[in-house]
Amino acid sequence: MSLQLTDVHISAGDREFVHGVSFDLPAGGVVGIVGESGSGKTLTCRAALGILPPGFTVSSGTVSLGGRDTATLSTREWTALRGSTISAVFQDPASYLNPSLTVGSQVAEVLQVKLRLRRRAARDRAVELLDSVRLPDVYRRYPHELSGGMLQRALIATAIAAGPRVLIADEATTALDVTVQSEILDLLADLRDSTGLALVVVSHDLAVVAQLCDEVLVMRDGAVVEQGPVSDVLYAPRHEYTRLLIDEHESYGLDRFLSLDGAALEGAVLEGAVRERAPLEGADHGAAR
Amino acid sequence: MVLRVDGLEVRYGKLHALRGASLSVAPGETVGVIGETGSGKSTLARAVLGLVPASAGQIVVDGTDVTGLNTRQWRAFRRRGVVQYVFQDPLRSLDPDLTIASSLTEPLRIQGVSFAEAASRARELLKRVSLGPELLDRLPGELSGGQRQRVAVARALIVEPRLVLLDEPVSALDSSNRVRVLELLKQLRDAGTSLLFISHDLGSVAGVADRVAVLYRGEIVEQGPVRDVISRPTHPYTKLLVGSAPTLRSAAADRAARASLRALLTSEGAVS
Amino acid sequence: MVLRVLRLPTGKIAFAILLVIAALALFGPLLAFQDPLEGGAGILAGPSGAHPLGTDYLGRDVLSRLLAGSRISVLGAAQVTLVAMVVGVIPGILSVYLGSVFEWLTLRLADTLIALPFLVFAVAVTALLGNGIPQAMFTVGIMVSPLFYRVTRAATLAVARSPYVEAAIVSGATIGWVVRKHVWVKVLPPIAVALAHTAGVGFVVVSSLTFLGIGVQPPAPTWGGVLAADLGYLSFRPWAPLLPTALIMATVWACNLLADAIRDVSGEGGKALITAKGVRA
């Protein structure tokens, strides 16, 4: 198991904020956590990363990373593990990059520190990493020159730089446009396929989680109200809150159009992409100014 | 037509925000405009309202060509109360120092209606957006985001406009308030007010609009009935947009399809 | 607003001090029980029954001179503040609405005034227009008006770009409507802060000018004048400058306290425009 949470409770003082979260995340697996703000999803992630806010502790249960109980880790061991075994990306990518340094140098820095690569080797590897998140030619660019989606991809490159086995994406696509969101989610799925990276995808949007995950946890007020394989949770929700989330999507999502024409659409999009590629490239260039 | 926009271009210095957008809204119709960051969607709304000047093209609102109006003519036209605007940000769309009553009655007061009459209209409208009259004496700071946005809708409706422009009216709201405001918009639509609903979110527009137009890099690349655009998109961007929307049951498009659409759009963009 | 300011302890203290100062300005000259211009036999005398604060180098009663001088000092400061406000606030609001030419002109003018050293300028103007308190104070008022201009302009700009003002414009509001209904309330608190601040500056300036003998002819009593006279004879009466200094400082301090209190009670809209250091210009 890459990451294993067993009945994790998180408290601050006398108050318990998370009342028992358990899941097993194998290599190449994807676990989704859905919940509103205040549901305890972010605290759970922070516990897995060993970065709970001051005053908060894992009051019972265990978090084990690569078979090791993290409660036994010293601060130094934790620091060594973060980045190289478990890593994370968050909601607001701009605030995690230094605006006065180029994007590439910040990726390279991680490599120099975590993998002890020499300068030149770190730079070459950073370029490779940026290529792998489909950001060629941004090594020498500054954060303000990049769009939100590009910044988030640069942060993913930074997060996977030291070859972690687990990546936590906590609301990583929340602030982005839909087409950019799908780009990030697709990138995460590609990374899982190509490197066996295990993912924890955290979102307030059930559909985002549904796109990517094998197993889903629905959290509310610190408790897991529903947990199971994606298909079970979506098609046979047992808890009222999960049903509410699904209903909301059905009345204001695209699902009602797609459930009617779902198959047709999938065909149309797929075919369209392939079929229209040639004529569009030829014909539309003149029209497109 | 309540609104006809023809070949509208807007430039801010070097930036070409709109590059010949055309669009129309029939009486009683709700048209959704879908656009993501940088598509020019807010510019479209602001141009229709005369808040930014058009560099080329024509805008006809309820039979009046507003493209060439001067400041005085604009003011006279606006006082007829034909068009109203609802903004994205419910925090800043109401004056923090004015009571809800004075904010709500403002459009009528500008037209010269007496306060007493305007206030009784305000009470009616609060009821229409399912808010109690006790809110009239409060300040915006004492209301939740959802309540404020409903007050903003009520303010737009108080002059009984023919057309209401809504710029991302639900994006800043949490899901339960989002649903309430969308339900309110449906009621308006059913009551016969024309709406131009601008949003980045296909899902919320699809629930309210009759027709939808897709704005991409300052151009309307596709428009048609909601069902057609979503189930049979023709422009690659629309396909990507529909194929990217997170859905529960069936994946709208697979990764490979999206990847090839992105490649296609990038190669097009590189030419422009 | 006034009531809310008074509810704060700082507001109470400031008000109390300013009330005393105002009373001094009103009744001070009447209370001066000896002719402030009439010299006596004992010069540079220490405190006594007849002269509670002693006498100056011409044998004039110091207490009487301070009391008699309070009106000129306070009126001078008030005049500076009033002139600065009228000259600054109106163009400040209009610069946002009257188009780019007016905006450019007023901005450059404000920059120019800020760049001129105002005491020197005041000296020059009194040389031209004649040496009198009104001329000097009028000049100083104009010199400090850029503060009001900038404060008002910044507040107006912030309000002018807000969605609620656009909503009013979309409903057909005139500029006058927008200013009356939305802008005015938001610019008042920063103006009030600037007002209190300028009153403080005004006192210092009046005192400085009268200390230098500009604006008032030497025999006329003022706080600054008394201070100047006392400073010349420190070796005889080393404690003497303390009282005029204390009067000037207390007044300035009260004005600053008042500015703080106004800032603390400002409404939501206005508060954003005032920073901890004073007013955002």
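Brief remarks on what is shown
For reference, chains read A, B and C in written order, and residue numbers begin at 1 within each chain.
The criterion applied here is as follows: a contact is a pair of C-beta atoms (placed from the backbone, for glycine too) under 8 Å apart; a residue touches a chain by one contact, two chains touch by 3 or more.
Just so we're clear, the structure is a prediction, and the values are computed from it rather than from any experiment.
Measuring from the average of all protein CA coordinates, the nearest chain centre is that of B.
Using CA-based centroids throughout, the chain positioned farthest away from subunit A is C. Rounded to a whole number, the gap between the C-alpha centres of subunit A and subunit B is 32 angstrom. Mean C-alpha positions place subunit A and subunit C at a centre distance of 60 Å. A separation of 50 Å divides the Cα centre of subunit B from that of subunit C. Shared interface positions of subunit A, defined as residues touching 2 or more other chains, are absent. On the subunit A side of its complex with subunit B, the touching residues are 36, 147-148, 177-183, 186, 189-190, 205-208, 210-211, 234, 246, 248-255, 257-266, 268-270, 272-274, 276-277, 280-281, 284-285, 288-289. In the complex of the two chains, the subunit B residues touching subunit A come out as 19, 36-37, 174-175, 178-179, 182, 200-204, 206-207, 226-227, 230-234, 236-237, 239-255, 257-262, 264, 267-268, 271-272. For subunit B in complex with subunit C, the touching residues are 49, 51, 75-81, 83-85, 87, 89, 92-98, 102-103, 106-107, 110-111, 139, 141, 152, 155, 159.
On the side of subunit C, the complex with subunit B involves touching residues 162-164, 166-174, 177, 181-182, 185-186, 267-270.
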